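Some notes on the structure that comes next.
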Amino acid sequence: MKKLIIATLMVAVVALGAMAQKTTLNFFYYIDATQAGYAEDQAMWQKFKDANPDIDLQMEMLFSQAYHEKLSSYIAAGQLPDVIYMWPGARDSSKLLHDNKLMYDLSKVLDKDLLSKFTVAALNPKAQASNQLSELPQAYTYCGVAYVNRKLLADNGIAMPKTYADLKAMVLKLRAKNVQTVALPDGDSWPAQSCLMSTMVGRYLGDAWVDNVKAGKVKFTDKDFVNVLTQYKKLYDDGIINVTNVQMGYGEGPALFASGKAAIIIDGDWRVGAYLTDKTTGKALIDPKNQDDYELVNLPAFPGEKFPGTAAATAGCGLGITKTLTGAKLEAAKKLLAYYYGKDFQTMKWETGAFVPTRTDLTTDKLEPLGVKLPKFYAANSKTTYVLDSVLDPSVFNVLNAGLQSIPLGGDTPAGVAAKMQAAQDKLLKK
Amino acid sequence: MSNTAIDKERSFGTSLVGKIAAIVGKIVAYAVMGAFAFMAVFPILWLIMNSFKSNQDYQLDKIGWPKEWFPINYAGAWQIGDFGILLPNSVFYTVVGTAGVVLISTLAGFAFAKLKSRASVPMYGSFVIGVMLSLSSLMIPLFLQLSQLDLLLGNLWTSMGLMTDPRAFHLFYNTRFGVILVYIGSGLPLAIYMITEYIRGIPTSLVEAARIDGASYWKIFARIILPMCMPIITTVAIITLPGIWNEFALINIIVGKLDLQSLPLGILRFSGSRSADYGKQFAALVIGLAPMLIFYIAFQKQITKGVSGGAVKG
Amino acid sequence: MASVRSGTRREDHKAFWAFSLPAFILYLFVFGFPIVLSAVISLSNYKGGQMFGGEPWAITGFKQYGLLFSDPAFWLALKNNIYIVLISVFGQLPLGFVFAYLIYRKVVKFGEFWQGILYVPAIISVIVLGIMWKFIFASNGLLADLFNYGNTSKLVAALNLALNSGTTLNDEGIRHILKAMDPNVVGLLGSDPVAGFKEQLLPGGSLAIGDPAAFVNAMKNYAPKWTPEFMTKQDTAMIPIMFVTLWCWTGMYVILFNANMQKIDSEVIEAARIDGATEMQTARHIVLPALSGILINAAILCIAGSMNQFALIWAMTEGGPMNVTEVLSIYMYRTATIGQNYPLSNAIAMVIIVISFLLIGLTKLAQKRLGGQE
């Protein structure tokens, strides 16, 4: 009798826990409910679910820190999701995925016809930390873009700034009107590094130098690098960037810029979406009829820069398939990726200002003026340079992030930060 | 305290200076309590007011009265936050969780208070110790335990040929069952402490009389103990309920699927560092806050009595 | 505590186990086992991934604890936790007692209303509190607006003072104005700020101001911009958090204490009042001793809650900026999720538990000592 009870219990437990007949696909996705284009994005996924009744799509949607922490937990528990939205570099949680080659090489898994529709840069395996196509970059992201309020400058008799000196000359005049010259909300600690420092390093030192520091041939403590940090500090000392930015949340930026409280804001190209029209309320931070008052330009020329005109850019994020998938699950995952990278989905992303796709055969006439400026910006700035958190190890760029916050606050010096960075790099080189 | 000292204080108390001091004291008291109360209510009012502003209006004017009203924020927030899924989940977790705590701890309370066993003292003692612990410190090991247990069992069933993919087995991690287990468990120590103390106050003679009459313990529990415990049960329920409803740290780590998430997790999604839509964010928060407020206003009297009911023994 | 005498021994025992087992098993599952697991992992080199059947891992000893005690982040987190404990035990409890006493003795009217309102923070989700907090303390938040308004007013006052003696500025006036201006802006005026002021900020470089009102208007935005710098520094960053903690939970103690005060025999109080005792005396010599047991229990709950504090601080600052507001539970969470270091994380969990018990033990000890004095 007892044995029968135990057996029944076991079967019941198995039944409780085991999955249903459908192929379940665990999709770990990165999106914020308050982002532009969220509703459209969700609608597209609903279409996929409706069109594929044999796939039980379980989406887990997270954003920012929460996303990275959850993915780290999954990796720790040995419970990787099946399809993962990931970064090309060793950024936070994606690091483990690359280092341990936990994902499929998509160039071998995805349909050749599909792959042929993407730019060469997107398909470059060297752009990813695992040196293979662990994810298919949906965009090529420019991290250092200066959004300029052209009209505000013109109203104050100021010309578009082309050099550092131009910026410095604007400060007093703009400040009299309570307008910041350049805004860079760095409360989340990564914007200063991704959007500003990366371009500065590219302008002063170039990619080869960064390769060398990773190989141990040069050091962060060399005066060349310390000089870049000093130049960064000058931006604050000269009043170009106000110290209040250091503790401002990243989410405060668009409002600040759109309300005319800052003449220029340095941000990534993905930020365009924040200014476009919200479909549910019909309101936009920058009304489409005013969007031509604004301009997207490269960061100005810095004094003593060696590589003028470069801009920090990196292969964008994309979806990857976990290497343990086989059979029905793998087919389902491939279907999902084909759908995501298909014309409809990518065009929607373009139109809602999420990113400019690397897929080459898309057209649209639905773009708001600000969105049209992006491809023009890309075309005008083809010389790209590394984004630091794509190529440096987290233990190093996290130190840089913290340092870029403490330098303006007086908590640390350029030399001090450089020393800490080198210490972290040395630890890596020893291994 | 010597008489002269008391005399001194007494004379101070009735003198004019003393009287003025008393009045000033009253004013200060009202002022401080008023400040606290204001700080308690102001955020809620501010939140509700701003939930009707559009994103742009809010950013231009964070404190003022809305110039245009956008009740559509609520519809938008509800849809985007998938509150249609999350709200029933929260209700489920809260109701089942609270009921579970009440039932299991009352059963245990009866055992510790009225039934003899050598294990009684150490067992009860372990619960008392548990009152001083909080699952916040045990989040990580708990997560590991749940997920590894699933993996272990999954491997077991796979090796027995009952399943094909060991990682597809989910009984504890990422399941409703797991969440309920954790929520009930977390509420047990305090509930058992309070209920046991309370039941100890019930005269044992009642129970003994029933036993002599031949009643089983189950009957005694159901017919005598349970009805008499209603006050303390209400107390426990009132303390446990908001706790589970607002809880987000534990469930965040135990659950991944959207279908299983609770309301606080949905609200958390709006608090992204890239919030571009404050209007909807606030609407989402008000939606999350409303049930608790209604609950509180409706049961205010019981709640006031409830927290004090925890003061059975000094 | 009398237990039932009649009935067979066996039946008694069976009943005891039947009633208590569900609770106990669940308790072991949710608390007991994780604690043991935590202790084991803290002594091992477990790296994440499958525990059984995955990569092998083993017990390696107390290495983690050594690392922990030499990590400044640990001591900072511990210090922050102590701050919370202090504000809780020496803030919430006394304040709660005072309010409860005032309500009990009807020094303030509408006692039930106050009790109700003061308890509201405890039922609001901490997420709401977090958002409000950010709104108030952010760089461009409410507090900043207030300070900036103050700074601007000061500058306007300095400007008006300088223009007082007519509409012509002199060097001394300019110096006063410079003092009230943003140091960053002053720095832009060159090595001789007064000269720089004349050169760059005066219309046409002239010391005679044609339109004083316009001038003041043009200059007032050069006032210093306040930044909540105190929030990036250790210790000072904890102040707003301590404040919110105080406000959040005091209400619960008000209700708790008030209810216990109701149990005091009112005749004793009346007698004292007739004898001419003041409120302060009544509070000190009658009510306080009567509540001593409850106070100790409340202190214990307070300490336990403070050591385990996670949600509120997480919602407000996530332990930042730059980890200055981190408490032990957040530190533990961070080492596990971002640092991926499970042994260290569990070592922290163990330390939290041990410290909680130590503090509670101290409290009980204090109780024995103080109780003796009565």
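Lettered A, B and C in written order, each chain numbered from 1.
Please note the rule applied: a contact is a pair of C-beta atoms (placed from the backbone, for glycine too) under 8 Å apart; a residue touches a chain by one contact, two chains touch by 3 or more.
What you see is a predicted model; the values in this text were computed from it and never measured.
Comparing each chain's Cα centroid with the centroid of every protein Cα atom identifies chain C as the most central. Compared on C-beta pairs in contact, A-B and B-C come out with B-C as the pair having more.
Averaged C-alpha coordinates put the centre of subunit A at 34 Å from the centre of subunit C. A straight line joining the Cα centres of subunit A and subunit B is 38 Å long. Between subunit B and subunit C, the centres computed from C-alpha atoms are 20 Å apart.
Within subunit C, contacts with two or more other chains are made by residues 50, 336, 342. Contact of a single residue of subunit A with at least two other chains is seen at positions 65, 70, 73, 76-78, 187, 249. The set of subunit B residues touching two or more other chains comprises 144, 148, 151, 268, 281. Residues 65, 68-70, 72-73, 75-78, 92, 96, 168, 171-172, 175-178, 187, 189, 237-239, 242-249, 252, 256, 402, 405-406, 409, 411 of subunit A touch subunit C in their complex. Interface residues of subunit B, counted against subunit C in their complex, comprise 1, 6, 9-10, 12-14, 18, 22, 25-26, 29-30, 33, 36-37, 39-41, 43-44, 46-47, 62-63, 104-105, 107-108, 110-117, 119-120, 123, 126-127, 130-142, 144-145, 148, 151-152, 155, 181-182, 184-186, 188-189, 192, 200, 204, 207-208, 211-212, 217, 221, 242, 246, 248-249, 264, 267-268, 271, 281, 285, 288-289, 292-293, 295-296, 300-301, 303-305, 307-311, 313-314. On the subunit C side of its complex with subunit B, the touching residues are 1-7, 11-13, 15-20, 22-24, 26-27, 29-35, 37-38, 41, 50-53, 99, 102, 107-108, 112, 114-132, 135, 142, 247, 250-252, 255-256, 258-260, 262, 275-281, 285, 291-294, 297, 300-301, 303-305, 307-311, 314, 328-329, 332-333, 336, 342, 345-346, 349, 352-353, 356-357, 360. Residue ranges on subunit B touching subunit A, taken from their complex, read 54-56, 59-60, 70, 72-73, 75-76, 79-81, 143-144, 147-148, 150-151, 153-154, 157, 162-163, 167-171, 173, 175, 177, 252-253, 256-259, 268-270, 272-277, 279-281. Touching subunit B in their complex are the following residues of subunit A: 13-14, 16-19, 24, 26, 32-36, 38-39, 42, 58-66, 70, 73-74, 76-79, 187-188, 249-251, 254-255, 258-259, 274, 278, 280-281, 283-285.
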